[in-house]
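Structures incoming, each one as structure tokens.
The same subunit A turns up in both complexes below, where it pairs with subunit B and then with subunit C.
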Partner chain A sequence: MIGATFRRVLPQLIILCVVLLLNFAVFPGFFHIEFQNGRLFGNLIDVLNRGAPVALLSIGMTLVIATKGIDLSVGAVMAIAGAVAASVVTGGGGWFTALIAALLAGLAAGLWNGVLVAFFRVQPIVATLVLMVAGRGVAQLITEGKIMTFLNEGLIHLGAGTILGIPTPIVIWLAMGTLVTLVVRRTALGMLIEAIGINETASRLAGINSRVLLVTVYLVSGFVAALAGVIVAADIKGADANNAGLWMELDAILAVVIGGNSLLGGRFSIVASLLGALIIQSVNSVILLSGMPPEFNLVIKALIIIVILVIQSPTVKHRLYLLRAKASSTVSDAPDVAPKAQLAKETRS
Partner chain B sequence: MRDQPKPVLRARGIDKFFAGAIALDKVDLTLYPGEVHALLGENGAGKSTLIKSLTGAYHRDGGTIELDGTEINPRGPVESQKHGIGTVYQEVNLLENMSVSDNLFLGWQPVKRGMLDHRQMHRRTREILKGYGLDIDPTQLLSSYSIAIQQVVAIARAVELSGKVLILDEPTASLDREEIELVFSVVRNLTARGMAVVFITHFLDQVFEISDRATVLRNGCVVGTRKLSDVSQGDIVELMLGHHLEATKRKASHASPGDTILSLKGYGKRGMIAPFDLELRKGEVVGLAGLLGSGRTETCKVIFGVVSADHGRAELRGQPIRLNSPRIALEKRFGLCPEDRKTDGIVGDLSVRENIILSLQARQGWTRPLKRSRINQIVDEYVKALDIRLASPNMPIRLLSGGNQQKALLARWLATEPDILILDEPTRGIDVGAHAEIISLIERLREQGMALIVASSEMEELVAYSSRVLVLRDRRQVRELGGEEITTERIVKSISQGESAA
Partner chain C sequence: MKLKTALLVSAVALTPLGAWAADKTVGFSQIGSESGWRAAETTVTKEQATERGINLKFADAQQKQENQIKALRGFIAQGVDAILLAPVVATGWDSVLEEAQDAEIPVILLDRKVDAPDDLYMTAVTSDTVYEGEVAGKWLVDTVAGKDCSVVELQGTTGSSPAIDRKAGFEKAIADASNIKIVRSQTGDFTRAQGKVVMESFLKAEGAENICALYAHNDDMAVGAIQAIKEAGAEPGKDILVVAIDAVPDMHLAIAKGEANATVELTPNMAGPAFDILDAFWADGTLPEKWVQTESKLFTAEDDNQAIYDMKKGLGY
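== the complex of A and B ==
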């Protein structure tokens, strides 16, 4: 089981290592980590820390995409969750109340998306586009169009604090990733989600409650988006309805794609998507550390990502496979005869 | 007269390997102009692989292909089409949402001054299709015509684009008798013009009706090529299976069904199936007979709750129930093997193992996963009991042959230990061997006390296993036949006479 997972995520691991080495090349101190004032410091820690929002989003996005759906609203949900949390603490509430309120807002958003997709059969891209546009408006209504700042220690801790020396966002995304992976793989949830993503009609006829499953994946997506929103708001000590999570849904989708998950649904790997999120953040880091003028950032990022996707494309994969087959053909040039002999025996019996 | 000395196509020693297994082993195939050459074999024998290797859809690992004496090396269906080899697949590979002439001319539309010349396209479509005995409006959407006509359009397209060899991969699988006639007359027309036609099918009657010679494949090898006028159906079946097949005979022991388990009164759904009554008892098989579109599939769907009924009452063991979703039906221990395996049955990318346990797991709910040991036990048991041929239960189910997919779907439902099992066309598109196995499985399940509803377009099959037969026509139940009445003639008569026989 572990072996299979490892083989599945091997390409992502290799790419991550390459990009990290690229970081090292442009900035030799990249792998240096030190412990100061009860907190881990270092560029590698920054990658893990800054990658938290996209990593969290990619967990939910992986499940949604596995059902052949997509959730464009996660960026807007982040803004809503940040706004809700900020308004609770500025209204005198505690950080825990604020967190719960933000998570409930995320679940409500997920429920909205899920009901539209599962019960009203609205195409996911359209259904979630509604909230992508409207959600930011909702967030602006909550913050009354201003950047709502706060000084609540507890809430700020979620974005800027540490747990046992590790920045809180890292702990949160690692915990969420582990939790969701365990839940979907230790129960039958993962298989059933894959089944409806591959063939929903057949799955429904096999007795699978596809509606409940669809709503569930959008709920998870809304939940992790809310967590990401709280982290981003806590990090800047304020809720910015206009910019929090802006375009982040696209990074989340990209993380899932880099993770080798098909946008057509079906088989999925959350671990691979999380690695995808880290790859994106490492790419950001390379650009930053190389000291390139900031106007080059987006173009270079696009180029690096194109290279990654081309390496993963079926055409290149097939070429690599052929190359490997050729290399090993010196060992056994003749096709294996055993299966045929076995087949003949089966037919005879 | 057929054995003219000059073959149009000669394939020699075709090899194809898949990941260590041999799919084709030095296969020879020779086609003469003007002949219909049947390609026969069980599912997984290598028929499709051979066709794909010939047309270049697969890269062959050995052997030569000669067309009119010159060696060719097509690297894809388009290239083989240019050489003169056209292929028509079972599922019509056309665009239903475009017009008939668009479909015929897609990719080689007549052009006038850089623009599509629609007028000429429609005119030529009309001419071409007239040659096939079709007088249809080329401007209409293809989907507005029957599958048979679509099939003929597909053939016409293939012939126009190629012209020497036409490969028909199960062209008649979803056609009724009249429609088959239409396709056959087209084929006869083409062979009279000197084309060579390769005909792949599971229907041996049709093979003998139209083909001149047949090549039989078994496990990737050619086991014989026969002139059909020299052999009997039994000879061919023997070649395909390597042993004699028992004729399916009607069992006499249908006398004592048990208690009524399901009772439907005035059950129906507007626009799908007129209200009908059905009493289903333990240990009996109720057959559903009727032509294509007569309401067999609709009856199955309404009972399983795929569409919920808007008329009538249902009682399960005397208790009223509402059957309005497959999930409820599954809970109440119903099972349904749907007609269209590919779209409604298998979950292609999931493994065979996962497909088999899917319904059982769905009934348990996602929070209670089946234990790995239990899964293995179930999968091993049914793979063995139903003789599902696979390399590994971990392989995606879409890689299995049709018959094995069907067995895996049966396994999925048997694993849920159903009281009522509904089978919609359980033997469609599967080979002779698996066919007989599924019929004997139905017998066995009935003897064990299961209640079965089986819809089938094959009368002999219904006669073989049904305790009672409901005859459907125009989405209405017109007749119930029981006991001695169950004969092919009576069923056919009831279908053709419709209500007047009731």
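== the complex of A and C ==
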């Protein structure tokens, strides 16, 4: 299974390495990591740390997209969760209560989306658009339109603190990614989700409770969005309802797409989506470190993303496959070449 | 909120006032509440109106021009005595401004200007965003007093006019100081989160010890950046000077704590000068200049920032 996963995510790994090397090219100190003030400190750590919100969102988004759905509301849910957490601690609650309240808010948002999609059969893009627009308003109502700042150390720790020297957001997204991957891959759950995405009617006729599963994937999406929202708020010690998670749903969808998952549903890989999130963050890092004027930011990002997507497109993939097939057939035409090379290597060593 | 407004309105109706503004009705079309500053402007405008016994009709456009045009037409139909308009965009106002002119209702623009012939409105009360940048730059020039200083700059949203102007103003102020150089400049989108992220990359790329000052186009980015400086093990306000623009409450708090050094105020009180202009106009028909610049006051550690924080935080920032 590990081998299959590795082969599946190989393109993403290669792209990630290339983008990281691009970082190294613009800033030679990129791979330097040191232990400073009791925490790991370095650009590579920043990529893992700053990529946390999109990585978390991409976990839920992968499952939703695998069912042929989409969740546009995650950015707004982040804003709601941050606002809820901030209002709990400013109201005198503890950080744990705040976290639970924020996660419950995320689950409630997921339930809303899931019920609209699974029971009312509203198209996912429309169903989640409702919350995308209204959710930010809800968050603004909670914070009364201001940046609600807080000083609760426990809550701040979730965004700006460390666990064993590793920034907490990294630990959270790695743990969440591992947990969800294991749950969907060590059980039949992943396959059932894929079945819904490929043909919901057929999967229902085959005895899969598609409604419950659909609600579940939106619940997961709401849950991870809430986690991301708490991290983002904790990071700046304040809930910024206007800006928290703004347009982040698009980055999450992009991460899933860079991860090679089809927007038409079906087979999915969470690991690939997480790598996609890291690729996006590495691209952001290139832009920041290059020192180019900000007018170029979006152009550079667009160019890199286009190259990545074209490399992954079915046409290019097919060409590459044909090239590889041709190369291997040339090798098999001359079977005596390989042993000779092997021999040469052995004598040399 | 509604109850409060109702109380305000009734209080205004019951209070006999001698000023010219008394018993006048003014319509105020606000953009929305996209930022804390905007919310503070709304609060201050309402306060100013209550103080002067003006009956303020408030309309929140929720960032949509069509809502603002609707609100303006509503004000005209109600026959208000004057209109305050904080325009969400610069273009497309000509016809509704003409309607106001036909109804002989003076219109005063707040905070932003419009692309319309200037005889269609009475005046525009705005801050000079280029000058704000200049004040910040001048403070830095005076503070470093000839010493070499590498500055990192956090720009506002790329292409937005305050970002362009505040950058230009700052560059103008430091143009003659060859000891001050901007070594890195990148957008932080006017938000705390981006301010922190971008500052992190500045600190790594340049090294905290090589950065002498941070200039941020708004306070929110500066507040985010201050956290990044602390996490990098440097002392904001001492190792790295922090100067920004807006003077929001959290920045005053940061200055009070010694974590920031200076901020240039973008006053939320645009309505005060506007009401003064209307008072003069109603009293003897005095017409103002076509542009009234608000004060861009510099706040540093010499001011009582804790007191200003306590006063400002109730304004809705």
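Here, the second predicted complex is superposed on the first by the 330 of 349 C-alpha atoms of A that agree within 3 Å, B and C clash if a C-alpha of one lies under 4 Å from a C-alpha of the other, contacts with A are read in each partner's own complex, and residues count from 1 in each chain.
Keep in mind that, in the parts below, a residue touches a chain if its C-beta (ideal position, glycine included) is under 8 Å from a C-beta of that chain, and two chains touch if they have at least 3 such contacts.
These figures come from a predicted structure and were not determined experimentally.
K.L.:
Taking the superposition on A as described, I'd like to know which of subunit B and subunit C A:M191 touches: first, second, both or neither.
P.N.:
The answer is first: A:M191 touches subunit B but not subunit C.
K.L.:
Tell me the contact category for A:Q36 with respect to subunit B and subunit C: first, second, both or neither.
P.N.:
In the superposition, A:Q36 contacts subunit C only.
K.L.:
Tell me the contact category for A:A202 with respect to subunit B and subunit C: first, second, both or neither.
P.N.:
Touch status of A:A202: first partner only.
K.L.:
Which of the two partners, first being subunit B and second being subunit C, lies in contact with A:T162: first, second, both, or neither?
P.N.:
A:T162 sits against neither subunit B nor subunit C.
K.L.:
Please work out whether A:R267 is in contact with subunit B alone, subunit C alone, both, or neither, and reply first, second, both or neither.
P.N.:
Only subunit B; A:R267 stays clear of subunit C.
K.L.:
What residues on subunit A does subunit C touch that subunit B touches too?
P.N.:
none
K.L.:
Name, in rising order, each residue of subunit B that touches subunit A in their complex.
P.N.:
17, 20-22, 25, 218-220, 242, 304, 306, 326-327, 329-331, 336, 338, 343-350, 354, 358-359, 361-370, 389, 391, 412
K.L.:
Tell me, which parts of subunit A touch subunit C in their complex?
P.N.:
Answer in residue numbers: 27, 29, 36-37, 39, 41-43, 46, 50, 140, 144-147, 149, 160, 232, 235-238, 240, 242-244, 285, 288-289, 291, 293-295, 297.
K.L.:
Within the complex, which stretch of subunit C touches subunit A?
P.N.:
Residues in contact with subunit A: 33-36, 39, 155, 158-159, 184-187, 189, 191-193, 196-198, 200-201, 204-205, 220, 223-224, 227, 231-233, 250, 316-317.
K.L.:
Where on subunit A does subunit B make contact in their complex?
P.N.:
Answer in residue numbers: 186-189, 191-192, 194-195, 198-199, 201-209, 213, 266-267, 335-340, 343-344, 346-348.
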